[in-house]
Structures are given as structure tokens and as C-alpha cells.
Amino acid sequence: MSEQISAGLLLLGSAFMLLAGIGVLRLPDLFMRLQAGTKASTLGIACILLGAAVHFQDIAVTVRAVLVIGFFCMTAPVGAHMIARAAYAAGVPLWEGSITDELAEYRKTSKQTEQDAPMVESESEKS
Amino acid sequence: MNDVVLVLPLLIPLLTVALSLLAWRWIAFQRAVALIGAIALLGASVLLFQRVYSVGTIVTQAGAWQAPYGITLVADLFSAIMVVLAGIAGLMVVVFSLASVDKGREAFGYYPLVNALLLGVCGAFLTGDIFNLYVWFEVMLMSSFVLLALGGERPQLQGSIKYVTLNLVSSAIFLAAVGILYGLTGTLNMADLAIRLGESDRPVLVTAVGMLFLVAFGIKAAVFPLFFWLPASYHTPPGPVSALFAGLLTKVGVYALIRMFTLVFVQDNAYTHTLILALSGLTMLTGVLGAVAQQEFRRVLSFHIISQIGYMTMGLGLAGLVESTELATFALAGSIFYIIHHIIVKTNLFLVSTVAGKLCGMVELKRQGGLYLSQPLLAFLFLVPAMSLAGMPPLSGFFAKLSLIKAGLLAEQYLLVATALFVGLLTLFSMTKIWSEAFWKPLPEESPASRNPPNLSSKQMRILLFPIGMMALLTITIGFCAEPVFSVAMRAAEELLQRDGYIRAVMGEAQ
Amino acid sequence: MLTLLAIVTGCLYAAGTYMMLRRSLFKLILGLVLLSHGANLLIFTVGGLTRGHAPVIDAGEDVPTSPWADPVPQALILTAIVIGFAVLAFTLTLFHRAYQTLGSDDPDDLKLSDQ
Amino acid sequence: MTMFLWNILLAIVWGMASGVFTVPNLIFGFLLGYFILRYSQLFLGPSTYFLKVRQVVLFVARYIWELFLANFRVAYDVLIPGAVPKQRLVKRGGPLPPSPLRRNGNLSPYSGDVRAPLAESDYICPGVVAVPLDAKTDIEITLLACLITLTPGSVSLDLSEDRKTLFVHAMYIDNQDVEAYRRSIKEGLERRVLELLR
Amino acid sequence: MERFFELDGAQVLGPSLPLAIASIFVLAIAAPWVNRFAGRSAGWLLAILPFCLTAYFASFTGAVASGETFQSELIWVPTLGVNLSCSLDGLSLLFALLINGVGGLVLIYAGGYLEGHPLLGRFYSFLLMFMASMLGLVLSANLLGLFVFWELTSLSSYLLIGFDQSRPQARASALQALLVTGGGGLALMAGLLLLGSAGGSFEIALLQSQAEHLRSHALYVPAVLLILAGAFTKSAQFPFHFWLPAAMEAPTPVSAYLHSATMVKAGIYLIARLSPALGGTDLWIGTVSTVGVCTMLLGAWLALLQTDLKRLLAYSTISSLGTLTFLLGLGGELATQAAIAFLLGHALYKGALFLVAGSIDHSTGTRDVRVLTGLGKVMPITAIAAGLASLSMAGLPPLFGFIAKELSYEVTLHSSAVLITTAAAVTANAFLVAVAIVVGLRPFWGSRNPDLQEAHEVTTPLWLGPVILASLGLVFGVFPQFIADPLVGAASAAVLGRDLSSHLTLWHGFTTALGLSLITLSAGIASFAIRGWLVKAAARWGGIFQWGPTRWYDWALTALNAVALGMTRVLQSGYLRHYLMITLGTMFALASYSLLRHGALTITFDWSDIRFYEAGLAALILFAVFAVIMVKSRLSAIMALGVVGYGVALVFIMYGAPDLAMTQFLVETLTVILFVLVFFHLPESTIVSGSVSRVRDMIISVGVGGVMTFFVLLSTPDSQKALSDYFVTNSKSGGHGQNIVNVILVDFRGLDTMGEITVLTIAAVGVYALLKLRRRSELVETGSTGETIGLVTSAQLAIKEEPTAESQMSSMILCTATRFLLPLLLLFSFFLLMRGHNEPGGGFTGGLVAAAAFVLYRFAFGVAEVNRVLPFDPRVLMGAGLLVALCSGVLALFAGQPLMTGLWNELHIPGVGEVPLGTPLIFDVGVYMAVMGVTLSIILPLAEE
Amino acid sequence: MIQETTSITEIAIGAGLAMIGLALFLTFIRLMIGPTLPDRVVALDLMGVLAVGGIAAYSALVNEPVLMDSGTVLALVGFLGTIGFARYLERRGHNE
């Protein structure tokens, strides 16, 4: 039974990994590639680690697997956020099919208000 | 067997490094520690020498793991001699540094770096393990990298880049060769390697690996055509650093060559040692011609290092080629004597060049001058090592050259002897060039020193001249006491050539 | 597998050499790193290859389960890697400083100290 | 919190008692302890622990479920030929085509507006959306941002300087309805996070 | 090697002869002080010793004349065959007397000549040093001992010729003399060594006793040629004669002493000394006498053409030296006696004449013979001395020169080539008569040149020497029997190696030789008369002499410099790429030739046992390597490099090396971060090398790579794994650890690790210093302070950091996450450290992870904040780590165990049981601290940039 | 201990390793083609994660749990590298 579970988890995880790889290659802009790369791989790694834990059936391995999964869940989004933020700040373009960019609007207005008045008016507050 | 005296030359500099780092901001403490450490190192090395001289090769198995399993530290007479020389050069350079190194460098680890360099050098001399040798080489190299670049002046950086790059290539080759040796034999202990390579069923491969070592150590020793890093860099750092490098670093390469090609790679001497001999001749010649072409005090000296490395390897080459054991011993003893002579003389010449540079305010010989009149003591103290380098009797260099040339003649290597003699003449030529330009010639008008004379306090001057004087005295002493020194070299050479003693000492009953 | 790794090692050496001969200090360092990877892999390979089994003794036993990988090359390489890191850190900084001071990344502009 | 520690203690005690320190056994011990503790509320007095545990379990379960769903959605887009607009794939490595949404210069006449998607795809409809925050503390904001990022299809891009707005890059703004998307985050994930933490 | 050879029947003197030499050396050292304290009388004081020694040596004349030899044994470096043993026979005695006698007079003379000269003390010193060396040379019984002194005379000559160092000409002449004699000296050394190996000893007496053996030895010809080369250079024989006239740059006492009376005769001495052992063969006679004749003629002719007093004398000295060589080359009783007599006579008159020339120069300020006339009245004493000396030189009876010349004519008349030799001798002597008139008589004749108003008689020290020397010429001429046997006879006997009695007489009767003397005299007077015409004629043909050896010397120097410069330019080109190419090419060439020189090698390529993921991994690494080479962007190259590193780490994992992989992952990531930090500023490099150089580089690279591949394939291990077997079996029992790699690192091969953390520490210091230690001019951009070589630390200048931009840019999300991650990572690093001995991990990985935690903190919060959080200076932490590691290793020493021996103790922890605790674990803690300190020391300052 | 008979786990892991390997190659392509620096950073980050997965799968394949620890370390420093790049990006911009 556990053999099947671990095999399944490992396969599923690997599939997600592959998905991440394909996504990173195929998606049209950085932000979308980032999404595919971060999330599918996090899910994939979680599955693989769980599969390995099931495979070994060892408390120490399991604890470490769980800790690493936790670690990934903590760091992967932070990392993705950091790249996205930096990329956006550095002016990496969005895909031409994007329908809205409210951050750009916010930046523009806050720059203006910095000069004109201290009031900060964001896109979201308008809506 | 457990000899504390064998590990002291490693522990003392390491302790000074650690203490200096702990007191990172307390420079006065670092100076004191460096001085005490250097004195202690010299003392320990003399003790070690005494011990080895009286009881023969001594061995300690680090971690109490029997050879070939652990790392063996071993001091035979050759190692002990080298360690003493390192101790002498180290102490002299540290004393000299006290009065000549600027505050900035002192604040950024100058003294711990010097000690780390000495650590690496002593480690390389004392280890009996090929990979451990690599590690000590790296300690030495890394310290030399930093010492060379410390201060970050333009020529320093330029020189450092070449020095670092070429030495890293050497390290990479060394490392690969060690790996291959391990693959071939499954051991790292040099004595064990000597046994196993002798039994190897792949002699061609063994020789080829030997070539890798030849190149790796040849780079460190600055042998033709692998010497480029040396003239590119040695004249760039502060004087005492150059002096330490000039005295010790290439000699570690020579030491390693001698060790490897008398202990480990002796299966195909007709091939390997002929090669070494050919390289020796070319090294002498290219080095000295390079020196002739130079117009700067330290650059001249730098090229001379190369030229003299040729002499040192010449003895090794001869020792591997001649039939008679007696002659082989004699030739190798010539090499060892040459090394002894060279370390002291070369270190001293670089120190003199530093003082000359400080006094004249410039390094180019053309713009130096007048020291014969203004600094008679310095002039005399230059003349002693310079003439010794040129092989003038009764100074140390004469006996060094004499023994090698004699060995060459007895081995009927006439072309090499002719080269060596010619190179000797050119050495004399460039030493007199320095003498004539920096000392005899009046100080040129355009020299900065003639406008604003250097302000070296007499106390500073005394500290600067003390090590120079001591080493000049040593040069003269070696000349006058050439017999005892040479007979020690003979004994060391004998031990090197009769590998069994070394192997038995290291391997103990395990063999 | 030995054959494959031998070729990879050779390629690392070749690439390292080639990079070092370019006219750029940056590539020179890349070359050095490749060379040191090559050396590490070489030691690893000639030390003998054993699939999968680390030289770690399981709890309650006295020797590792056979066949174990040879721990000696591993220790050597570990030392070499760490030394290599130290050397690289220094070299990088040196080249960085050299670039700042000399204003060039071209090693051919470094002739001053030889002439 | 004390209850949680008690629970763990009970699990360990169970492990020691049974002498088997395997994962399933410990989990079993934990569950056993949970129900014992829950029962002992009767004489120990009520605790928020059990509510929180239920919340966490539900939250995690739902989150993981959403994670899977979202991942499959991305998988579809990525895997199905044609889902990803082709003209972008042709231009690998080359310079990017001029885009009205590129932020440099004054080329942002559409900001704040919704514009028609360029792609043939019905699925991918990306954009940067500003989400006003009710979350206040560092931990709340961070957790929310991380969870948003961890959900496929959205990445937390940046936080406004007054920490009141989170900008999210979304891959699927369904029906090109930005407001609906904003709402789905505010009333979905943010609400649940705040419930959990407060 | 060789034992000191004791001549049968020699008198052993004890150390008195070496002591005589040493005493002069000691005096040489003391001379400057003597000069300082004794002032004007220093010359007199210093001369006491040489005069005493003259008397001392004179006391041997009787015994020596009766055929005795005295020896002093002093072993110096027997292993090399160098001994200071001395022997005193007739030849040595003659020289010893000359050296000390003339030397004493010259010292007195110098006191007057250089009175008030600031460097007079040094002058005395050098002169005495020469005197001692020369004495040593002639007393040495050992060839190599002789050589030692030989070289010392060259050196002292160098210092004396260049005594007036401010003049470029003096320096050049000194160098020329040194190079010529030094070069000869090296040839001599080789020759002596060959001779020694042929004869099995360097003791002259022993060599003499086996002359037959030597002359038939295979090494005879090269030995003789090399030795003669040495002798000829020293004694200014053609074509090496040119240095001697140039050496006239030296102060006149030097010329008188070294360059006429003594040093230049060292070559003559050597030829004489070795002729019993080596002489008598055709080679010897032919070479020596031919060179002698040529030198004799050339010197005499050139002497006649000079206008400078000293140069006249110098060329005439060359001629005389030629005569001596010629005579010695002929060999035989008569020739030898003639040579010895000539040598003595020449030393006396030429020394005197040189000193006179110096006096004239001192008195009038000029040495130009064209203006020097009529000084006889103002300088009567000098004139008398000059007259006597020049008459002796001209060979007029009753002066000693006459006897010597008569003897030499006797020799030529009895030689095999009577006509040529006699004609040559007469010609040369005739010219020398003219020269004698020019230097010794002309300046004092006739009316005084009005330009020489200041001329005056010289002081006592200046006339004493010439007068004594010249008078001796007269005394010996009138009473030749005084010196016939004791000096000339004994010396000749020594040269010949057999007893003989000498019969020197002033008057032989009307012989052919007397006739030749008359011819010589009249021809000499005639050539003096037509000297002006001769000079003009020579000037017309002077072009020939432009092609003389002086030119050769200049050419040789120019060529040497050109070759040296050219070679150095080519080899030491300054191009790092060339250096690398040559270095790597050498490695490739040597390795591949060594592999292939015994024919082709069989290499087996085994593709069978490859799993698909292994192939995939290899392919990934190769792609990445290819990418590193090909990509244009720096960042891409760095990332590709990272992929290579990760790929290698995966290889490590595949073959069971988790520790290695861990370290590699950590190091690789830090490397990439370092690269990024450093190349933050750098622009892309735009230089693309040409296709030719690319192909060339590719060939070298493929060669290097190919060789390495072959090495790997060829050196597959046999099953001999003694080392690892031992480690595996002893790891747990002896090393108390289950992770064998870690046990190797901290215990079996702990010394490696000790060295390694030292390397790390040094590198960290280096990085820190490179970044923080700046030139003042670099920091003060304006450069208003001008040229300062001094260095300043950035702390001293307190560069303002800009924390504002940094903190603004930081993401709150990252900061919050980091607050949680930092303790977590530190905990993990401790975990790695603690378990490292038993499972993958250890001090390195632990330290690196701990450092990584702080680096992360720095990325989130900036430099200032991380400095606040860090409880220690990273440099101090490194030092502490080193110290801990060191102490853990040293503890064993106190327990009487070898360095780094693990000391273990079972620690009872209630509930857990026995926990082994040992010094290797402490060592690992030291490693942890050092690695952490190092990494922080490297990365934090770089991140500040 | 690699078992002689092929178990279901082995098949699954083999397939998994193949998928991960494929993913690595695809990601590597993205690393090389960019076009922007953040693209490369994303790719490199992903390669690290893929490697962790590969290590875990491989350690299950050869039944050697100690190998997994190196994966743990990689996960840890991979994050550090990504953050480093991100900081670099913020300062430098995407133009490399």
C-alpha cells in the first residue's frame, strides 16, 4: 500500500515539476513564467518529498521532509515576490495582452502627489 | 614517535595568525606578536635542525594514525635545513617590516599574513603527505596573493593578476595530479607512494603524472618556460614582501621538485632528469638575459631569481642522471647548498633594494645614485650579497656555484657547465650594473631625493640595516664555514638519494 | 559511466582553458572556476565510482553497507572545493579592484608591470 | 497554545507508551490526544484551541484544494497547444514588441481601464490589480501576500508605501472583470487569513 | 674529497703563512679607522705591516734558495677541494717580496697622493684587501684556494679602478676590467676543475708530481685552454689586453701597484706555476709563446702612439707582459730565468715610472707628454728616480733592466725560430726604448713649459717610492749576485720544478746579445726621433684599430643588451594570455609526449553501463559548459556556470557523496552571489578575438582537455584501496563517528582541514583589505592633495554610507520572512554542526549555512542593520575559530600524544546515555566559527560596495 | 540497496526522474534565452527546486536517505541565491 502511495506521490510531484518547466518555457511574459515556475514546482516538491517520506518510513526523514516542505512554502512565495517586485521595478514589460496595470497608475500618481500634495490616492481607494 | 619539536614550526605561526586576528584592531599587539612569533619560529627551527642532525629523520603521525593512513609530518635533514632558512628569512623580514611597512597595510593584516606565509612554507617543508602538501601550498599561495595585492596600487594589481592566475593554473594541475596518483595507488603518503609507484604496472602513466608534477612545481619554482608570473609581480609589493617572496616562495617549488623527483618519481630518470637538466640550462639563460635587460633594481633581482633556480634544479637533474652515487650526492648537495645560499642572499638583496628605493625616492636605477658616498655601510652590505650572488669567493655563492659546476664537469655535461659559467658572468655584470648605478653614480639632479631628501630617522635606519647586516654576516659566515654547511648538505643529499631511510622512518613497522 | 565522466572532465578542462585565453578578466575567472570543477570531478572519477551509497555508517553498525563510495576522494575534494571558494572570492575581488583602478577588463592592458 | 503543547505531549507519551516512533503511530497518538483533550474541555474549561484547530484544518484543506485546482488550470494552459498565444513564442530572445502597457514613457492611457484581451486564449487574461488591505500587521500582510503568491495565477507584486494596498499580478482575470477579481481575493483569501489570525 | 697533500721533505710551518695573509685582511678592515685617527701619517703607519712582512719573507730567502719549501696547512672546504694551505717556494717568495715591498711603498705614496681625499680610508682598505688577496694568490698551494684569491684581486681591482666613482669613464673602465678578468676567471675555474678531476686533486704539488699523466689525459686540452684563457685575461694578453689601458682611470698608486707591478702578473704567475705540470707540450708552448709575441709587439707599438703618460706606461706594460708570457711559453732554464729576471726588473722600473707619472700629474695637473718638458729643475729628486727607472726600462747598463734584456735575447737566439723571435724582441724593445725616453727623460729635459708654472717638487711620500724602486734597479744591476741565487734562481727552480743555479752577470762580454742591445738602443732612439711621423702614419692607418678588441667588447655588450632585451620582450611580453598559452601548452606537450613516447596507448571506452539519468546529467553539464563559453551576457554566463556547479554537485550525489554535494551547493551559490556582487558594476566586454587566435586557443584547449580525459581513463583504480578500507573500519571504533568523510576531515586528515581554514581566513583578510584599504588619491577624487603614496583606511576617511535608498527598497514581506528565517537557519546550522560527525553535515556546511543566514538578513535589512545584529567582528570570529581549532589539536600534545590526536571521553547525559565527546568535535566547532567568520568577512564588505 | 527486481516504486521514480530531467532541460533553455535577467533568475531558481526534487527521488531510488540532506541544503541556499539576484535586479535593472 505505502509503496503505491509513494509511487503515486512521486509521479504526481514529478509531473508538476515538468509542468513548471514547460510553463517557464512557454508562457508569454516574465510574471506568468514566474507563476508557473514557483507554484507548480512547490507543489511538485511537496509531493515528491512526501513520497520519499512514505517510501523511507523513517521518522527522521519524515520530519525533515515536512520541514523542508514548510520551508519551501515559506520561501517560494517570498522569492517569487522579490523577483516580481524587482522585475517590475526594473521595468520588465508586461505581456501585450495584459488588460490592466494598476500599479503603474499608483506609481504615477504617488510621484505626482509627492510633488504636489502629501495625499496618497491609490487606484483601489477610488473603486 | 612523538616529537613536539617537529610540530612547533607549524604551531607557532598558526598561533600568531590566530592571535593577530583576534586582536584585529590592536596593531601594536600584532607587531609584538609577529616579532615574538618570528623569533620563536627561528628558535624552534634551530631546535628541529639540531634534533634531526643528531638523531636523524624524525616523524610524527598527526592524529596518531599510523602511516600511510593519517597525515605524516616528517623532517629529514633537507626539510630541517629549509625550515631553518624559512625561520631566518621570516625573522629578518619581520624586523625589517617593523620599520618599513606603512600604517595602512599594518591595519589590514600585514603581520598575520606574513605569518600565514611562513606557516604555509614550513608546512610544505614538513609534510610527508602529497595532498597535505597541496594544502600548505595553498596556504602559502593565498598569503602571497594577499600580501602581493595588499595596498592595491596599480602595478601591484597588474602584477597580482598574473601571479594569481598562473599560480592557480599550477594549483589546478597539482590537484589533478594528486587525484590521479590516488587513483593509481590508493594512497597519499609520499613514502607509501614511493613504494607503490615502484611496483606500478603502468610506468608510462607514472612518468606522465610525474610530468604534471614537474609542470605544477615548475610553475611555482619559476622554471623555464613557466616563470612569467615572477618578473611580472615580484617588484610590485612593498620591499619586505618582495624579499620574503624572493627568498622563500620559489624555493618551496624547488623543494617540492627535489622531494618528488628523488623520492617518488625515480622510475624513469633518464627521461625525467634529462628534461630537468635541459630546463635548468634554459632557465639560467633566459633568467639572466632577462636581468640584463632590466633597468630597475628589483626587476633585475627578480629575473636573477629565475636564473638561479636553474642552478638549483641543475643539481637535481645531474643527481638523477649520473651512475655514481657519490657524484649524485655531490650534485644534489650542490643544489641544497645553492638553495641555502640563495635564500639568504636574495632576501637580503631585496631588503637592500628597499632601503635604496626609500633613500633615492625612486626605483629606476637611472634615477638612483650616490649611495656609495652617503651610505657607506649600506653600500658594503649590498656588496656582500651581490658579490655572493655573482659567485665571488669567499662568499657563499662561490661555493654554491663551484660545487654545481664541478658536478656538471664530472658528469660531463659540458654544454650546461658552459651555460652556467656564462650565466655567472652575466650575473656579475648585472650586479655591477646595480652597484654602478645606485651606488657609485652621483644622485641625478632629477631624482626626487635630490630635491627633498628622505626623512628616515636614524632609529628607523638602524632597524632597517639590522637584518641586512645580519644576513650579510651570515653570507660571509657560510662562505667561511662552507665545509660544515656543505657537509650538512651532503648528508641531506645522501638521505634524499637513499630513499629507504626516509621510507622506513615514515612507514615504521607498517612497511 | 567512467567514460562519460572522463569526457565531461576533459570538456571542463578544455572549456576552462579556452575561457582563460579570452581577452577578458571576467572570462578568465570563469575559466578558473571551470578548471577547478574539472579538477574536482577528475579526482572524484579516478578515485572510483560507486552508485548511490554514501560512506556513512548506519546506526548500530560498525561499517557502512557495502558497496560504499570511497570517502577519501570525497574528503580531498571537499577540501579542494572550500579552498577553491576562498581563492575564487579573493580573485574576484582582486579583479574587481583591478577593474576599478585600471579601468579595463582586458588582460592585454596589464602590460605595465612587465615592462 | 498550551493546549497545542499538551496535545503534542500526549502524542509523544503515546509514542513512548506504544514504543513505536513511526509517523503513522505518532499521528494516531496526536489524533487520540486531540479527542481526549476535546473531551476534557468538560472539566478543564473551554478553550479556543479547538476552534482554531478546526479553522486551520479547514483553511489548509481548502487552500490545498484550491492550489491543486489552480495548478491544473495553469497546467491546461501550458499544456494545451494554442492556449498560449503563439506570436510570443516566436520571438524568443529577441527584442520585445512595443506594448501599450509598457510602463516607461507616458504610454499608459489605459491604466485603470479594462481593455479587450489581445489573445485568442479564453483563459489567459493577465493584469496587475490593486487589492485594498484590511490586514494590518506585518504577519498578516506577509501571510496573505505569500498565500496569494502560492496560489497559481497570482503573484504579490508590491505593497504600497502606506501598507494599505497590495498589488497583485493575476493571470486569470475572469471575464476581464477586475473588480470581481479584487473582490474574490478580499472576500476569499484575505477574510480567511484574518479569521485565522485574529 | 681530496686530502691535503703534503710534499715530501717540505717544512711544515704551522699557520704562519695564512696568518700573514689574514693579518693584511684585518688591517684592510681596520684601515678606515686608522686613517681617521692617524690622519696624514696613516700611510706610513699602514705600511709598517707590509714592510714587516717583507722582512719576514726575506728571512726565508736563504732556506728557499737552498731548495727548501715551506708549507702551512689550513683545511677549508676539503669536500669541494678548496683549501687555504700555503706553500712558499722560490716563485712565491719572489712575488711575496714584491707584493709586500712595493705594496708598502705604494701605501706611503697613496697617503701623499690622495691627501685630504674624503675616501682615503676606503682607498687604503681596498688596496690592503688587494695586497692580501695577491699574497694569498701567490702563496696558495691549492688551485682552488688560488682561485679564491684570484677572484678577490679582480674584485679589489674593480673597486680601485672605479675609485673616482663620480666619473662615468671610471665606472665603465672598472666594469670592463671586471668583466674581462671575471670572464677569464670563470674559464679558469672550469679549467682548474677539469685539471683537478684529471689529476684527482687540487693540490698543486700533487699535480706537479703527475705531470706525465696529466699531459696525456683526455681533459688536458680543454683544461689548458681554459686555464690559459684565465691567465691571459688577467695578464692583459692579446686579445684581452684592452682593459688595462682603460684601467688607467684608477688613481696612479693603483696603476703602479696593481696594473704594473703585481696583479697583472698573476696570469704570468699562474702560467709559471703550472708549467711544471702542464707545460712542455706543443699546445702549451705554441699557444703561450705565440700569444706572448703578439702581445709584446702590439703593446710596444701602441705604447709609442700614446700621449698620456699613464697610457704610455700601460701599453708598455702590456708589451712587457707579452714578453714574459713569451719567455715562459718557450720554457727551459734560460727562458725561465730570463722571464723571472725580466719580471723583477719590470716590477721595479715600471712601478717607479708609474709613481713618477703620478707625481708629475700631482704636481702639474697634466699627464700629456706633449706639454710636459723641463721639469728636471723643479722636481730634481723625481727626475733622478725617473731617469734611473727609464734607463733600466731602456735596458742600459748598469741597470737591472739591461741584464734582463740581455738574458731574453739569449733566449731568442737559442730558440727554434731564431729569426722571428729575435726580430720581434728587438722591435718591441726598440719601441720600449723610445717609450722610456718619452716617459722618463723627456718631461725633465730642456726648458720648462710656461704652462707648468705651478710645478713643484713633491713631498716625501711621493718621491720615496720611486726613488727606492729605481735605486733597487741600479743596485740589482750592479750587484746581480745578491739576487741571482736567492731570488731568480730559486724562483726559476720552482717554475722548472728542478734545482738550478743562476748566473746573473752584468757583463757577458761582446756577445750577439750585446750587439742586439746596441741595435735596440739605436733603433729606439731613432723611433723616438721619428715618433711624430710615426704617430701621424699610425693615425692614417688608425682605422684598423677601430676594429680592435675594444670594439669587440663594445659590440659584445651591445649585442648582449639587444639579445637580452629582444628575448625578454618576446618571452615576458606582458600578455597574460601568452603566458597562459605557453604554460598550458607546456603541460600539454610534456604530458602527451610522455604518454605517447612508448607508442600508442590502449584506452577502453565503456558506454555500456550508463543509466539514462546519468547521461542526462552529463548532457546538462556539457550544455551548461557550452553556454558558459558561448553566451554574450555576463549574467547568463554566471548562471550557466552555476548550472555547471550544481550539475557537478548532482554527480556527487549520484555517486554517494552527500557531504560533497552539500558543500558544493553552498559554495556554488555563494560563488554566484559573489559574481553578481562583483560584476554589478562591470560593463560587457566587447573585445572579440580574431578567428585565428580562436582556432589556436581551441587547439590548445582541446589538447589540455584531451590529455586530462586520457589521464582519467588510464588511471582507473585497481582494487587497491588500503586507505579507504582503513578509514571505513576505523571510523567508528577509532574516530567515534559514523560519517566517514567528516571523520576524515576532522580526525584522520584533520591537518588538511587546519590548513584549509587558514587559507579561508587569509582569503577573507585579503578580500576585506582589497575592498577597504585604498590609496588616498583614489578616495579624494579631485586629487587636490597631489601625489601621495600613503595609504589610508576607509575608516580613517569615513566614507558616508547611504542607508536611505537601501531601506526604502527593501520589501516588507522579505523582512518579515527573514525575521522568522534567521533563527530557523541558525538552528539548522547548529543542527548540521552537531550531527556532522555521524551524518552529512559538519563544521563547514554548518558555518556556511550560518553565514548564509546573515547574508539573507543583510539582503533584507541592509549592511548597517546586519552589523548591529552581529555580536562580533567577523575577523575576530575567524581568529577565534582558528584558535579553537588549533587548541583542540594542541591538547593532544599535552596528553603526550601526537598533534591532533583525538581525545575522547564518554559523557553521561541522564536519559540519553553515553555521548562520546572528543577534541575532533571541538575542532569542528572551530571550523564552524572560522568558516562563518570568513564567509561573512568576504560577502558583507562586497555587498557594501 | 538497489533491488534486482524492478518494483513499482522504481518504475515511478524512473519516470519521475525522466520528467524532472526534461523539466531541467526546458528550464535551462529559458535560462539561456532569457530574454530579460529576471527570466533567467526565475529559470535558475526553478532549476534549483527541480534539483531538490531530483535528489529526493534519487535517494528514494537508491534507498539512501542521507542523500536527501543535501537537497535540504540546496533548497535553503537556492532561496538565498534568488534573493541575491532580486536585490541585484533592483539596483541594476533588467538590462543586465
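For clarity, chains are labelled A, B, C, D, E and F in written order, and residue numbers in each chain start from 1.
Simple rule for what comes next: contacts are C-beta pairs under 8 Å (C-beta built on N, C-alpha and C of every residue); 3 or more make two chains touch, one makes a residue touch a chain.
Here the structure is a predicted model, which means the values were calculated and not measured.
Each step here moves to a touching chain, and the least such steps from chain B to chain F number 2. Counting steps between touching chains, the shortest path from chain A to chain F takes 1. If you compare C-F with A-D, the chain pair joined by more contacting C-beta pairs is A-D. In terms of the distance between Cα centroids, chain E is separated most widely from D. Averaging C-alpha coordinates per chain places the centre of chain B 66 Å away from that of chain D.
Centre-to-centre spacing of chain D and chain E amounts to 79 Å, using the average Cα coordinate of each chain. Here the CA centre of chain E is 61 Å from the CA centre of chain F. For this pair, chain B with chain C, the centres built from the Cα atoms lie 28 Å apart. Across the assembly, chain E contributes residues 569, 572, 574, 576, 580, 584, 634, 654, 656, 658-659, 670, 708, 711-712, 715-717, 721, 723-724, 727, 748-749, 752, 756, 759, 762-763, 766, 770, 811, 813-814, 817, 839-840 that each touch 2 or more other chains. Among all residues of chain B, those that touch two or more other chains are 131, 135, 138, 142, 145-146, 149, 152, 161-162, 165, 169, 176, 180, 183-184, 188, 231-232. For chain A, the set of residues that touch two or more other chains comprises 22, 34, 38, 42, 71, 74-76, 78, 81-82, 84-85, 89, 91.
Per the touch definition, chain F reaches chain A in the complex via residues 7-9, 11-13, 15-17, 19-20, 22-27, 29-30, 36-39, 41-43, 45-46, 49-50, 52-53, 56-57, 59-60, 63, 65, 68-69, 71-72, 75-76, 79, 82-83, 85-87, 89-90, 92-94. Within the complex, the chain E residues that touch chain B are 75-82, 119, 122, 144, 147-149, 151-152, 155, 158, 162, 165-166, 168, 171, 174-175, 178-179, 182-183, 186-187, 189-190, 193-194, 196-197, 560-561, 563-565, 567-569, 571-572, 574, 576, 578-580, 582-584, 586-587, 590-591, 594-595, 597-598, 601, 708, 711-712, 714-718, 720-724, 726-727, 730, 734, 747-752, 754-756, 758-759, 761-763, 765-766, 768-770, 772-775, 790-793, 873, 875-876, 878-880, 882-883, 886, 890, 892-893, 896-902. Of all residues in chain A, those touching chain D in their complex are 16, 19, 22-23, 26-29, 31-32, 34-36, 38-40, 42-43, 53, 57, 59, 62, 73-74, 76-78, 80-81, 84-85, 88-89, 91, 93-108, 110, 120, 122-127.
Interface residues of chain C facing chain F in the complex, by the touch rule stated above, are 51-54, 56, 65. Those residues of chain D that touch chain E in the shared complex are 138-139, 141-142, 145-146, 156, 158-159, 163.
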